[in-house]
Amino acid sequence: MLEQLMYAIASLGGFALLAGLILAVSSKIFHIEGDPVSDKIDALLPQTQCGQCGFPGCRPYANAVASQAADVNHCVPGGERTMLAIADVMGVEPKSLDQEEAIPMVAFVREDECIGCTLCIKACPVDAIVGAPKQYHTVIADHCTGCVLCLEPCPVDCIDMIAKPELLEHWSWPLPDTTRAQTGLERRESHQHD
Amino acid sequence: MSVFSDFAMILLSAVLVNNYVLTKFLGICPFLGVSGKTETAIGMSFAVMFVMTLASTASWLVQQYILIPLDLLYLQTIFFILIIATLVQFIEMMIHKVSPVLYQGLGIYLPLITTNCAVLGVALLNVQQDNTFITSALYGFGAALGFALVLVLFSGLRERMEGAPVPDAFKGSAVTLITAGMMSLAFLGFSGLVKV
Amino acid sequence: MIKHFFKKLGFSQAPFAGGIQPNMRKETEHSPIEVCPLPPLLIMPIKQHIGQACSPLVAVGDHVLRGQKIAKAEGYVSVPIHAPTSGQVIKIEDYAIPHPSGMGLTSIFIEPDGLDERDETLKPIEDWQHTDVSALRERVRMCGIAGLGGAAFPTFIKLVQDQRNPIETVILNGIECEPFLTNDHRLMVEHSQEIVLGMQIIMHMVGAKQGIIAIEDNKSDAIECMKKAVNHDDMGLDIQVLSLPTRYPQGSEKQLIEAITGKQVPMGKLPMHVGVLCQNIGTTHAIYEAVILGYPLTERVVTISGDAVPQQGNMLVRLGTSMRFIYAQRGLTDFDGLQILHGGPMMGERLRHPDIPVIKSSTGLLALSQDFFREAHPEEEPCIRCGHCSEACPIRLTPNLLADHCRNEQLEKAADYHLFDCIECGACSYVCPSHIPLVHYFRFGKGQAAQVRREQNFAEASRQRSEFRDTRIQREKDEKAAKRRKVRATHTPTEPNQGKE
Amino acid sequence: MLIHLSSPHIHGGDSIRSQMMSVIWALMPAACVSVYMFGWLAVFQISSCMLACLATEWLTLKWMGRSTSPLGDASAALTGLLLALTLPALTPWWMTILGGIFAIGLGKQVYGGLGYNPFNPALSARIILLISFPLQMTTWVIPLHVQLSGLNLYDISLAWTLFTSGIAALPQAVDAMTMASPLGYVKTAWTQGIDVNTALQSYDYSYLNAFIGREAGSLGETSALALLLGGIYLLARHTITWHIPASFLATVAVLAAIASTVDPNHYTPPLFHLLAGGLMLCVFFMATDPVSSPVTPVGQIVFGVGCGIITWSIRTWGGYPEGAMFAVVLMNCTVPIIDHYCRPKVYGQARKKV
């Protein structure tokens, strides 16, 4: 009887030890450096570095999402499409966005009011404002991500956000007006997949 | 000739006639869980193929060389689960390394292969059917192949249904289960094809 | 009959895949080209071709002559724009152009003085056979010639001698497979000599040995005229007139090349990579005028047709003429309940109003009654996967699956299904029993994909700028810290702030 | 409205309705033969099945609050006609109606209506019925030419009694009226160890009868001639392409030819296979159902070959005498995958790319 018990314990224990060893070795072999998922998410983000997600930039937010510390729906400028893409990478259900998607904006400095304090230049995360101290500053519209980080520091409130001009070359066909296309769109937007 | 035809029969039976998902209704959880996208389904298929084939052979070895000689058959389930769990852990690490995206896509369903009744079912049925080493490996592989086949086909159907204006009451699992049921009915057509 | 049956079974000997045989409705094929009178105002948008827009050279109040350059090309893929008549520039501002968006573009408004004086700076090149090829090419560029078949791609770019890809065959595209349109047809009938001469210039420019004038067999009089002109004007070049069975979209460059040579232009390559150059009839005529007469492109032949036009026909129209003015010449003044198309019915754009100028790519102006138009655009029904679209597709796409991916905005999948190889010929939509606007979905998908690409590029550039800024700030910090350490180490008394950054 | 409308601005004039109507017209010869063979019973079956389908379609659309305009596209009527033609003449009336409800409700509307159903609706219903009521679904009426006197199906009242009360209404006639189909007979014989030729002889099998339809079988399946005519009409109308029918038929014929050459005592000859059971109906009308078959030509050939292999395998070795229906529904499962991997090479694409 005792012998039987010994056999059982020994064989099961030995087998478990063997399994543990195999796993230990393979965990060494398959050790992963870095986080490729975070890279993938970072590539999907619009890189406005606006901080509207509550993280100090796009990379930190990507890291947070990859480690499941943040939801997929915090990127405001990325909008619907970015959220869906991230949800796809993470393999989670899409969530509705924090905020409504706004039309793309760019910053514009009213030059006659600008005092040349360079505070906005320091605030801009993508170096889209040029100008020297005591000179008028100008926003390079093509570089501006519309992150509004320059509005706050301006002591004279001379920066406006204006709608990005629509270019003929950037015009694209909308979805057809047919019921079938539009109901599909509605369904996609309500996230009732499956 | 007859050996090979036997092997072919075992494979055919496991893949089509006694398909694990559609006629034995084993492994329904990953079948419904990871069939949303074809790519993930293919990844899952390979993972299951790997685990099932190895699990059936390893469990056969354990059965023949540990459990029967030592008269420990009452430990059968715990041993088999140990084998399966090890294999699943192994494949999980491997997939995480090789394809992080697939790893994310499979999500919870990858570790859940451990408790997948299809895998344990294959190991137990193998033992019950008194298969030899080779036939048990074949049987395990065939069962996994059958699982993979219907999983991939089903994922294709589901991808197609994704854009369909399914009535509200049938959205989601309802229409998925109806489709699975229809597939199962169709697979009944294979019944009697191979007498094993 | 039996052949027809086999064709339906799919054993057809079609020279290129797919294609359709729409009702051609070439009602204007026998109406000669009439000269459209000068309108009271000419509006020249600064972009009438594919590529970069031009920048205006004239200011408000300037007096210009016909053929005078009024906007210069910017960048390589661009050709200049010339004043269509003599007169005064009265304003330069945004104005509607023939574009589906209905958006406007900077345009130069010219009030004709009625004298129609020509700018004589460009001299005719009589001796083109002994003129340097690059000079001829420069002439074609300077004369603002862009493909007049509808795409308006700057022509000079194609007229190049490349040692690695020598052009053996020049194909003159007289197919004109779009229903209703007959402007090339009439040009071939009325100006066959000039076209053959233009073709010889092209062959001389690219060094081609063989020339083929491809015409569909529903234009028998054009075939005859061109044959006569070729025989009459034998200059030792191998030029032949080829009659092809009528089939849409045979006029598409790649399909025409396949139909004639049996070769397919490899993906991502140009016709010159299979040793072929295609030119449109109208463009060839324009090249003739540019080289032999020294005339820049200031007018083109436009077909005015459609069931709502009282007097359908072809007209030689100055670029910049308002469509309303042209329709009025053909007796159409009331546009209530009518639909106006720019181009043919298969690929043309629907315009919102007729107050839009004719540009270089305007092949035809159609006015269709609402009923006629409605018939083509009924409500979309679900796809029954009949596969007729796949059969009609000259590129061998699977349009119904592709449209599903576009509709669901699965852009990567759509790209995998070769969305970007679609030529938007419309054959799939034409045959679809469910009336699915397939081409519309493809255009939507292409636009979305372009948008995504733009956003990605912008995000990538922003990321680089942001990283650059981060490293710069770090560097400045480090430098400051190093300086401070140095200062502390030497114990030199610091001077008061010198306002250094 | 109508702000952005993309080209093309003309249309060929084809519509879903015209497609469906051409299939219905193509089924007319088979329907006529069934009426000739099975008298008023056929009329009752076909009309009740079509009515059931149309009613289900109307009801489901109403319940879902959708437009009932799809009723006009004739697809429900076509499904009803197809389903009726696959049913035995003596199917109880409630089974026929149940079949119609299954076909439209479970086979089509659950997935969102026409165009979205992965399986052929008529065949799904037929398989549900076959598996649920195996006895009734394999009880065949002897067609008219060999019928005993006194059982005139051209007599409307007798047919109505049979239709409403089932075969139980005439207990004395059951044996006299029914017989096995050739496929079922040969299969039974095979399991009893009787060789094929003997079995066919004892069945009094004739190719001519099978071709023109004078044999036991479902309403519309018996006459290969009528179905062939319909198929040719569809091909000529360009409603279907040759790929699926040709590859399907060829695969069955080739497999049967090989097997019967190897062992003629065991395996039935190819012509028998081609004319027997529901093969012709499945080949020309079920497998070619555009919604549930592949779009691409290569995919269609793969589909047809797959159908052929499964049909022949089930007929030869399977538990059911007829495999064509199962084959088509099984292959329907594979359609999305086939479509994805069998796309044609597009213009200018390099040859080596998969």
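Every chain is named by a letter (A, B, C and D) in the order it is written, and numbering of its residues begins at 1.
Criterion: contacts are C-beta pairs under 8 Å (C-beta built on N, C-alpha and C of every residue); 3 or more make two chains touch, one makes a residue touch a chain.
Predicted model only: the values in this text are computed from it and were never measured.
Graph distance from chain B to chain C, where chains that touch are one step apart, equals 1.
Nearest to the global CA centroid, when each chain is reduced to the mean of its CA atoms, is chain C. Just to note, of A-B and B-D, the chains joined by more C-beta pairs in contact are B-D. The centroid of the Cα atoms in chain A and the matching centroid in chain B are 37 Å apart.
In this assembly, the C-alpha centroid of chain B lies 33 Å from the C-alpha centroid of chain D. Chain A and chain C have centres, each the mean of its CA atoms, that are 39 Å apart.
Distance between chain centres (mean CA atoms), chain C to chain D: 51 Å. Counting partner chains per residue, chain B shows two or more touched chains at residues 162-163, 165. The residues of chain D that reach two or more other chains are 2, 4-6, 112-113, 116, listed in rising order.
Multi-chain contact residues, meaning those touching two or more other chains, occur in chain A at positions 173-174, 176, 184. Contacts between chains leave no pair untouched here, as each chain touches all the others.
Considering their complex, residues 2, 4-16, 18-19, 73, 75, 112-116, 235-236, 238-239, 241-243, 290-291, 293, 295-297, 300, 339, 343-350 of chain D touch chain C.
In the complex of the two chains, the chain D residues touching chain A come out as 1-6.
For chain A in complex with chain D, the residues that touch the partner chain are 173-174, 176-177. Within the complex formed with chain C, the residues of chain B that make contact are 162-163.
Residues 38, 152-154, 156-157, 159-161, 164-168, 170, 175, 178-179, 182-183, 185-194 of chain B are the ones touching chain D in the complex.
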